[in-house]
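Each of the next two complexes has subunit A plus one more chain, namely subunit B in the first and subunit C in the second.
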Partner chain A sequence: MTAGPGTEEAQPVTSALQSAPMPRKVTAKKLIVTPIVIVLALIGTYVWISNVSLDPIEKNSLSGALVRQALWQHIRLTAYSTFFVLVIAIPLGIALTRGGVRKASPVATAIANLGQSIPSIGLLALLTFWLGIGPRTALVGMVAYAVLPVLSNTMSGLRGIDPQLVDAARGIGMSGFGVLTKVELPLAVPLILAGVRNALVLNVGTGTLAGFVSGGGLGTLITNGIVTQRTRVLIVGSVLAVALALFVDWLASLAELQLTPRGLEES
Partner chain B sequence: MSFWDFVGSRRQQLLMDTYQHASAVFQCMVVAAVIGIGIGMLTYRNERAGRLAIATTVTIMTIPSYALLGLLIPALGLGVPPTVTALVLYALLPIVRNAIVGLRGVDPSLVDAARGIGMSRAAQIARVELPVAWPTILTGIRVATQMLMGIAAIAAFASGPGLGNEIFAGISSLGSANSLNQVLAGTLGIVVLALLFDAALVLIGRLTTSRGIRA
Partner chain C sequence: MPEGDAVTGATIELDELTKRYGHSAQPAVDGVSMEIAAGETVILVGPSGCGKSTCLRMINRLIEPTSGRILINGEDVTGIDPVKLRRRIGYAIQSSGLFPHMTVAENIAQVPKMLGWSKSTVRDRVEQMLDLVGLDPREFHGRYPRQLSGGQQQRVGVARALAADPPVLLMDEPFGAVDPITRDHLQDELIRLQHELHKTIVFVTHDFDEAIKLGDRIAVLREQSHIAQFDTPEAILTNPADDFVSGFVGAGAALKRLNLTRVRDVGVVDVPTAAMDDPRETVVDRLREGTSNELLLLDRRGRPYKWLRTGDLALAKGSLARAGTPVTGHVSRDATLRDALEAVLTDSAGRVPVTGRRGEYVGVVDMETLMNSVHELLEADRMAAIEHRHDLEEMRAHHTQEQLEAGFGEGGR
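So, the complex of A and B:
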């Protein structure tokens, strides 16, 4: 997922789990345009809010401390959940493409596909009956929701590797572990990174729902705005959430650019 | 009260919510398919226009759905208008992308042959290019439908219709006797609807895919 009029290598979306586009060249234009748009939107919102007279409810909801807290909670939720997603999904994806376990991978894919049809808000709400309310519940829900795309991207990345390359690596005497770390994983990096980027964006999105289970985050501002019918609160929360999503996606696109193995660029 | 007792006693309300959920997703899907395929047809022949269409829809997808609703409410009010707008916007990416990729993937020699036997440009699109690209486009529609099911649930908080109302009613009455049943009924209802819609779309695919390209 990308923002702004960047270069987009089009490929069909075949499943909800593989909707992440292939990595692409990130043009200088895109690298600069996205942050400029984000900063302008934030400055615009700030100037607007500072120049209108707010009623007491709005002043309360939009106090600097509260907004900063919500933003910080959101960033933390996103960072933690993405970390856990990576720690769970990448090793699991590797395991499910190895030897005997490989037979289990259709089952895993089926479960993942079914899991994807559970609405995120329903999943979060159901988790509260098991784990109670709070940030921890939100975190578990976010991780559960984002594990699927990274898992399936890791698996299809490893499966899509030309078997001849693996054969060649074996032929020059590499061990199974050597083949995995020196050949298979580097070749799968673009797809894995696309999955990670997808997970980050998903996590910012699911994070806006954390407020419903008392998990904090920018969703609380949006919810406050809707419940108290204060449009300005609503807009500040929404603009911040959108800006965060675009910013995180932009950061992830930088990471893709940096981490894609040299030999795979321009392919 | 057990879950099934709950479902029995609330049958009327649940059926109503299920129907509204299905109908909202279905109608938005149709609108998004028409707009998305239209955008695809207008842009697939031009490299830059295609890129712009995909980049724009990708940006929409990046925006959290709850935040997009938040931005639509001040302009459109609560209820159906922001719900429909959000659902259509989110459905566009998979459809536009797959329409462009599908139409670009049509073997140029086929189009050439169609022109050779004297087909007009419109006939080439309607009778050759769209039918060949249709399975890819339909896959995009399936992905979009799946996604809309969940986004429609969130839209219930902005007074949108559908099963999301059960989930939010459950959340706001946490601890009461029926809160778990409500959340469960809403969530399972959406899962079942998602699976039914997907099965229906697969069936539609079987019936509408041109015989010559059927696998």
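So, the complex of A and C:
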């Protein structure tokens, strides 16, 4: 960078984004290390379980078909809830930063905050009174829990944009929709993606609680392990959940790398 | 390619334009009326907060006027779709406003794309615009804004504003955030561009020197954008309408006036000259014939080389090559009188050779010629201003007359 009065003014966007929470950096090291750690943990657990003698209850709980089913259910829960989170939080975040609706934004953030500040297990318990037990309840709980990071990141991403840029975009003749899709959203992408990544990981985590409300998923293994007092079942469930969380985070970081507009990367 | 004097700009007329923000008691802009000719560069200057930006942004309706009308090429644009309007008006702002996630080429292509130009036309246009603002298309095409210096960003900003060939260009302190040297360059570039393009430019600045340099006419605004004076730079410098304007012009109006005239527009004096290879006798003769005791020795290409005095000849017995004092400073014919004055003041003998395009000798300026030129200039300015005022008064009188007659007509019915 050259010195001079122009330099500070010249890059208002990056500075505006830096003042907002910056997404975690994706380094090449992390891209390789994470999958290795995951694979090693899974292999280790597998080898360990194969080499100890299991009692019938354990054998039953850890049968290949059951574990696969739990894992699959968990992935589906995570995918669905994340989908709903995106569909709800991003448009809501956009709406809450537009003209007249802007006044409603404190209320909306307060509600979203509430969703997250209630302990997730308590939230699920409350929801069972309303929706009964089953995967649907689990899904609603997970969505309520993960809307906040995406919503708040979408909003701060859009708010952090230099007003001069929006002015320039309008000034050269972009419509309101054009300004949003061609300028504002692309510039908010890094922050929105960071929020989505956060939500994904949160969802894998809260997904384990689905077991308590008969929602399926890896939580079933964990609850089984607790109820039947079989620590090994509990450990397998937990290791799988952790591995899934790390894997999802890794995938999301790949997406982040891919989707961040090139002009915004640090060189 | 530059096309002679073809005016591509449009006229702009502001008619009693007023803006009141929210429920504030005082309007930010209060009834501004202004007529701007096609191809003219008009500068809005005034103290901070006087409503310059508001005024400018009402022209492309980034700010909706509370009342009043805007006419572009005679068409009332106050009611039309503002998005369509803005695509016909170039807009450049202080921080360049380039989109950081788009390359230079994508930034410039925005408006042509929105107007539905074909891909290949847009591509050619981008190259052309980069050339126009003095950036090598091959080098800068694919760069991102953060990979450019402030000055380069500003150039791209101007290129983007001009990409769809709009007749009108609005600029809000476009060079306010770059260092003085870059600003000077950018101003020169804008003058060159405008020489080729003849757009109608409305330019906001709070730098009066910038206004003098760029403006065909300057509108000095006081608070609420009341026009204190709207006239040519010369007229404002020599004949400020009131204390507010003279306060804004600041000290040294006469000095600033020197910036507006170039050496080629005033008389230069001739001194005896000789070529390096001329025989010694010729040189001696010329020195004796001349009125001054000095002679300018030119090199083989006719460029000023050395000053020779009578005394020098006596000292240097051998060739002329070693005699005399080398010429240290010179000014080109395109230099402003201010540059010339600077050079004359710093020259030990108070005279400086003037050179042409290739550096060849054209004449000499000294203190006396400069003084005479400046006096003449100021005198001419004053006469012009008086005449102008006279014309205005006559027009106004005529106007009143008409109104009176119209009034009588109605009254009679």
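By definition in this document, the second predicted complex is superposed on the first by the 243 of 267 C-alpha atoms of A that agree within 3 Å, B and C clash if a C-alpha of one lies under 4 Å from a C-alpha of the other, contacts with A are read in each partner's own complex, and residues count from 1 in each chain.
The criterion applied here is as follows: a contact is a pair of C-beta atoms (placed from the backbone, for glycine too) under 8 Å apart; a residue touches a chain by one contact, two chains touch by 3 or more.
Only a predicted model underlies this, so the values are computations on that prediction, with no experimental measurement involved.
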Which of subunit B and subunit C A:Ser63 touches, first, second, both or neither: neither
When the two structures are overlaid on chain A, which partner does A:Val242 contact: first (subunit B), second (subunit C), both, or neither? first
After lining up the shared chain so the two structures overlap, which partner does A:Thr181 touch, if you call subunit B first and subunit C second: first, second, both or neither? neither
With the two complexes superposed on chain A, say which partner A:Leu165 touches: subunit B (first), subunit C (second), both, or neither. second
Where does A:Phe129 make contact in the superposed view: on subunit B (first), on subunit C (second), on both, or on neither? first
Give me the intersection of subunit A's contacts with subunit B and its contacts with subunit C, in residue numbers. 2, 4-7, 10-14
Can you name the residues of subunit B that touch subunit A in the complex? 50-52, 54-56, 58-59, 61-71, 73-74, 78, 93-94, 97-98, 100-102, 104, 136, 139-140, 143, 146-147, 149-150, 153-154, 157-158, 164, 167-168, 170-171, 174, 179-180, 183-184, 186-187, 190-191, 194-195, 198
Please name which positions on subunit A make contact with subunit B in the complex. 1-8, 10-16, 19, 21, 114, 116-123, 125-126, 128-129, 133, 201, 204-205, 207-209, 212-213, 218-219, 222-223, 225-226, 231, 234-235, 237-239, 241-242, 245-246, 249
In the complex, the residues of subunit C that touch subunit A are 57, 60, 62, 83-91, 93-103, 110-111, 114, 144-151, 153, 160-161, 170, 177-179, 182
Residues on subunit A engaged by subunit C in the complex (per definition of touch): 2, 4-7, 9-14, 162, 164-165, 167-175, 178, 182-183, 186-187, 261-264, 267
